[in-house]
Amino acid sequence: MIELDVALKVGTFNLEMAFRNDDGITALFGHSGSGKSLTLNLIAGLMRPDRGTITLDGRVLVDRARGIFVSPPRRRIGVVFQDSHLFPHLTVRQNLWFGRWFAPSRERAINFDAVAETLGIGKLLPRYPAKLSGGERQRVAIGRALLCCPRLLLFDEPLAALDMERKLEILPLIERLHTEFAVPIVYVSHATEEVARIANLVVVLNAGRVKAIGRPGEVLGPLGGESGWSRFDRVSVLTTKVCGANTAYDLTELKHPSGTIWLAGRAGPPGGQIRIIVRATDIVLSAGPPHDLSVRSSLSGQIGSIEKDGPLAVVEVILEGEGRLYAITTRHALDELGLDRGSRVFALIKTSALDERQAAVTPLSF
Amino acid sequence: MIELDVALKVGTFNLEMAFRNDDGITALFGHSGSGKSLTLNLIAGLMRPDRGTITLDGRVLVDRARGIFVSPPRRRIGVVFQDSHLFPHLTVRQNLWFGRWFAPSRERAINFDAVAETLGIGKLLPRYPAKLSGGERQRVAIGRALLCCPRLLLFDEPLAALDMERKLEILPLIERLHTEFAVPIVYVSHATEEVARIANLVVVLNAGRVKAIGRPGEVLGPLGGESGWSRFDRVSVLTTKVCGANTAYDLTELKHPSGTIWLAGRAGPPGGQIRIIVRATDIVLSAGPPHDLSVRSSLSGQIGSIEKDGPLAVVEVILEGEGRLYAITTRHALDELGLDRGSRVFALIKTSALDERQAAVTPLSF
Amino acid sequence: AGKAETPAASPGTEKDTPVIVFAAASTKTALDAVAAAWKTNTGKTASIAYASSGILAKQIEQGAPADIFISADLKWMDYLQKAKLIRAGTRRKLLGNKLVLIEPGDADVKLEITKGFDLAGAAGDGKIAVCTLDSCPGGIYAKEALESLGVFASVEAKLALADNIRNALNLVARGEAKFGIVYATDAKAEPKVKLVGTFPEASHSPIIYPVALVEASNNPDAPFFLSYLKSQAATKIFTGQGFDILPK
Amino acid sequence: MTDLSPAEWTAIWLSLKIATAATIASLPFGILVAYALARWHFPGKMLLNGAVHLPLVMPPVVTGFILLILLGRKGVFGAFLASIGIVLSFRWTGAAVACAVMGFPLMVRAMRLSFESIDRRLEQAAGTLGANRASTFFLISLPLAAPGILAGAILSFAKALGEFGATITFVSNIPGETQTIASAIYSYTQVPGGDASALRLTVVSIAISLVALLASEIVQQRAEKRLASFE
Amino acid sequence: MTDLSPAEWTAIWLSLKIATAATIASLPFGILVAYALARWHFPGKMLLNGAVHLPLVMPPVVTGFILLILLGRKGVFGAFLASIGIVLSFRWTGAAVACAVMGFPLMVRAMRLSFESIDRRLEQAAGTLGANRASTFFLISLPLAAPGILAGAILSFAKALGEFGATITFVSNIPGETQTIASAIYSYTQVPGGDASALRLTVVSIAISLVALLASEIVQQRAEKRLASFE
């Protein structure tokens, strides 16, 4: 459980932040210069808020009114900084071991080799940070934060310098931290997909203020209309149940009250819940059930609202049963298909456009 | 014109690079640790190759055999480093002016205010770098490199710490540098879409070797099969002609011999060439012409090759007339639709999935 | 290695505890030779610490483990005697010296040192090197001499003050200064200077190096070394260096 | 402090003049040598490094004596300097030279440390922006080494205030010309009862150096604030 | 060099012992004070800073004299120290104290510069990884300040080799006990004809310091290679 409500003024910049997440991963999302890193600094104890409180798992870390301020080492909060901040005089191995050394031995739950393996830094262990590439440094920094087995993890754009492939390998590791060891996480990112995949709370910052807060599906879908966000940032989050598989074609069948979604590969045992992220620009709307198409998955629903945006329109599809999807199409298509508020539609979703590795097996409170 | 053919050994890492680009933007693409930054260091003159030559616009910068090595300041090559390397004792304004001061005044073609405006750093001018956010620092670094009006620009993942929206604002600026001032550019990135948008030559690095080289369409489409690349990295590049517009719906009609593509907004005058980037996962295949769908654009062609990859398959569509598209679907869909090599298919492309800002008005040799 | 650990300050009851002599730096050449002779004669060691008389006196005041003090002037001996830090009974004049005017070896100025002699004129725009006028003994004697000869006012502006006689000598030897006023012993030892003349003994208070046993000394060899300083051998060494041996 | 004699005031004034001149005059050499030691590789680098440290290792008297031999009126270089009108011996300029030499190792070490701690990549970045070696040095390296340059200057200045061994040996002790506070203090310590006067002058020279120190700390703290991301 | 007298060998050996002891003994204090000045804010910081610089500003004789008064057998602290068995005056240990004091400002300045140039964010990162202040200091700050600590130690060592003003005043110039190379050289320079011997000893002390310098440069270059991204 992390809860904070703080205010800070640096230079001419005013930060006012408040959120509370009882369990899970909080995503801090916002433009460059919106105050994300400052927020992490406050949580880590590297800066003192001008007023306010920060509480972690019931322990008050900061309370300006009561004059409480727990020092960083006693907070045991692991941080992956925006620039890696590796210790230049220590080898990669020593950097990784640095935090571990100070962790009480019964809390050293995370396996060194497993982390080194996943991050692909096994070969770098005897090297010094100055001789690493940018992405290698960042991976070592992630490893260092993980291995100190912290009570809370702060990630400041840890994956920015990494290719998609690496990202998709590292994200599950970060998530496992949460699911296996119940380590809460605050994660800063610019990439909506990254955020939607792992977070159970999204806090959108704008110029130092909380602009939106809620579950990924609630916050990231309606996001696009605001100035400064691209339509490619809009995603919907759907919670589905594994109900079967097509072994011949290696597909998993996910059930949603409004239809079926096919996911590539095998994703968890039947009955398990799976959370799926669908980009608004990936959805094709159809007035009737699809045929002759390579699209395998379709969900039926009713158009809720239509929000026009130049040549395009954001269509909210209220799915049968529960949940909603946001789809973006041209206004032209809407008119041609005669779609309007209240119309029945099918939302077609390409299996290949769904990243099965981004589909989280979710024990979360969705 | 940039041409290089060099070899370098640092530690246990061997780099062997050779490419030549007569005109335009070269994208260096590769995993973390593949040698991209080292290559830029060689071009900038910050490292000396063990052997080989580097030539820029006919001027030999390095020739180990002949003992030629032009020092960095005499190369006039602007670099945006992976970490920003701003001068901490200078204000943002002074940092920006630093390079400009040394540029011969008749070469000071790039406008200060325009750059500051586009990069959104106008307000930061009197500040010192230590007091900037990560993304702000990176934008200042980009500005600094641009404003020194170099003869060649090297970008090492300049947009990694920026949100998509900012990226899409900065990319055109980078491109304008090339088109307006004929500054060649070498651009390092992890993001295929970024690369495909601006480059006319893509060099894919793997463990210090050139693994693929060619135009974006040729290189990035076939990429997915290789280990380590995600299917989301696959894109196709299509060259089309503006042939009309639908003013009522604010759409541009792009003609390709195999069909019509609708792009959101207005993109250049009729007759102009437009380059379009289509992600392989964004294409829906249809056995017949589409109907009842929100998809407005369809291109017809014949299936060239099918490359199976687990539950999915990469389908090469040889378009009527010229060009090819890569589409990814499930094997299941292919079998159900009875699609095989030689089958006629329609490739459906959602207008909203095409980023009109990534569509380059291209005077390039495509 | 162990030698350096010798407990010089511990009670000097053991036979081979060296006698510690605190001596004015200008006596080094002569005293080193005397100590060496004593060692050959008796097999005993005299350990001699050279520094300026003032520093040595203050160190004795602070409990330095010295057995014998040889001062370059009477003042510092008086200072210690007043503080009852030396055995007054053992005090005596050890050596005498003369004050001389010198010039660089390649110069050839003839001057007779008499009342009102034209030292200033002879110096021209050159300097006259002397020891610091009110702190260094040599300087004090020089000032007295120049004053009693009535030329001090005319040469004061031309004086270059060194922190010790040796430095003044150096300035002349290197040709930096046109003249120098130093002890006869120094002039004799430095081949690169030439004697111009000796100051009349009456022109300054007598130059005397007094010696005494330090009150706190309990080294049984100390009195022997003190008396050895008067021995024939020692006298020969001292006179060889140009010192005067003073009666009592 | 009002009971300082005119001669003492002269010594104080002279000390200030000499210390300031010594510091300012040795600054460019100190910076050059420090930078060379920090960044360049050249044959004889160790020798230069050793030579710079000499005045620290040798007793001041020896240093003064060597200066006398080299720069004295009849010295190897001194004769040449005299022929072009530069006379150092028995002049305050000579005292400044002695102080500069004695302070040089301290100055160079501090500056060198600062040059060494500069991130080379910043200098490289300046190079790619078109700054040649000289410009990079003056616009990037020098300002970034400011803490060390300031520290070096202060050390040299303080040393100059306290120096008398080499000075008195080289240029002697001429009131009004080369008699500094330090040599005046030394003289006082050599006469019985001179302690009080010595103490008085010592306090004066401490006060001067404290003022210099304070000024340098303020300058430095201001520069630091800019470079700090938060305090 | 084979014609050095046994007394001179003793002086050399003693100088080495004293310089080494002075450097090693002052190291922890130097590090502590340097770190405090570089990183902490506390009342009296300027005073401490001034006090550290005193031995530089005051003529060595005065420093030595103050030491004599404070730490001498009859001195304020000296009497106390003597009562617990620590006698400094006129012992080699006292000479080491004098050298340590004289080298202290140089040592502290160099170290302070290095501590100041450490990126604070690295210390903060160590904090977030669970290292408390002490661990952060020993594992991060201290190793990163190594260049300055080395430079400080070398300066102190070199100074100790050359120091005689304070030493001779505090512990006198007793052969075999407190006569170092520097004070032996001083003795030789006080009499005509001593130049050759003085020169010989000067060469010895220069040689010693060059060896120390060389060693320190090698150590430093090795450390630097690790930290450099490319040479």
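Every chain is named by a letter (A, B, C, D and E) in the order it is written, and numbering of its residues begins at 1.
Convention: a residue touches a chain if its C-beta (ideal position, glycine included) is under 8 Å from a C-beta of that chain, and two chains touch if they have at least 3 such contacts.
These figures come from a predicted structure and were not determined experimentally.
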{"item": "Shortest contact path, chain B to chain C, counted in steps", "value": "2"}
{"item": "Identity of the chain that, by mean CA position, is farthest from chain D", "value": "A"}
{"item": "Most remote chain, CA-based centroid, reference being chain E", "value": "B"}
{"item": "Chain A and chain B: spacing of chain centres that average the CA atoms, whole Å", "value": "26"}
{"item": "Intercentroid distance (Cα basis), chain D paired with chain B, Å", "value": "56"}
{"item": "Whole-Å gap separating chain C and chain E, where each centre is the average of the chain's CA atoms", "value": "33"}
{"item": "Whole-Å separation of chain centres (CA-atom averages), chain D against chain E", "value": "19"}
{"item": "Chain B, residues touching no fewer than two other chains", "value": "10, 46, 131"}
{"item": "Multi-partner residues of chain C (at least 2 other chains)", "value": "55"}
{"item": "Chain E, residues touching no fewer than two other chains", "value": "61, 65, 121, 186, 189, 228-229"}
{"item": "Footprint of chain D on chain C - complex, ascending", "value": "52, 54-55, 57, 75-76, 79, 127, 129, 132, 134-136, 159-163, 167, 170-171, 174-177"}
{"item": "Partner chain C, residues of chain E touching it in the complex", "value": "10, 13-14, 17, 61, 65, 68-69, 72-75, 87, 89-92, 168-169, 172-179, 186-194"}
{"item": "Chain E partner contacts - residues on chain D that touch it in the complex", "value": "46, 49-50, 53-62, 65, 105-106, 109-110, 112-114, 116-117, 120-121, 147-148, 151, 154-155, 158-159, 161-165, 182-183, 185-186, 189, 198, 202, 205-206, 208-210, 213-214, 217, 224, 228-229"}
{"item": "Touching residues on chain B, where the partner in the complex is chain D", "value": "44-46, 71-79, 81, 85, 87-89, 98-99, 101-103, 128, 130-131, 144-145, 148, 150"}
{"item": "Residues of chain A that touch chain B when the two form their complex", "value": "10-11, 31-33, 36-37, 82-83, 120, 127, 131-136, 139, 156-157, 160-166, 168, 190-191, 228-233, 246, 249-251, 262, 264-265, 280-282, 284-288, 290, 292-296, 310-312, 327-335, 337, 339, 348, 350-353, 355"}
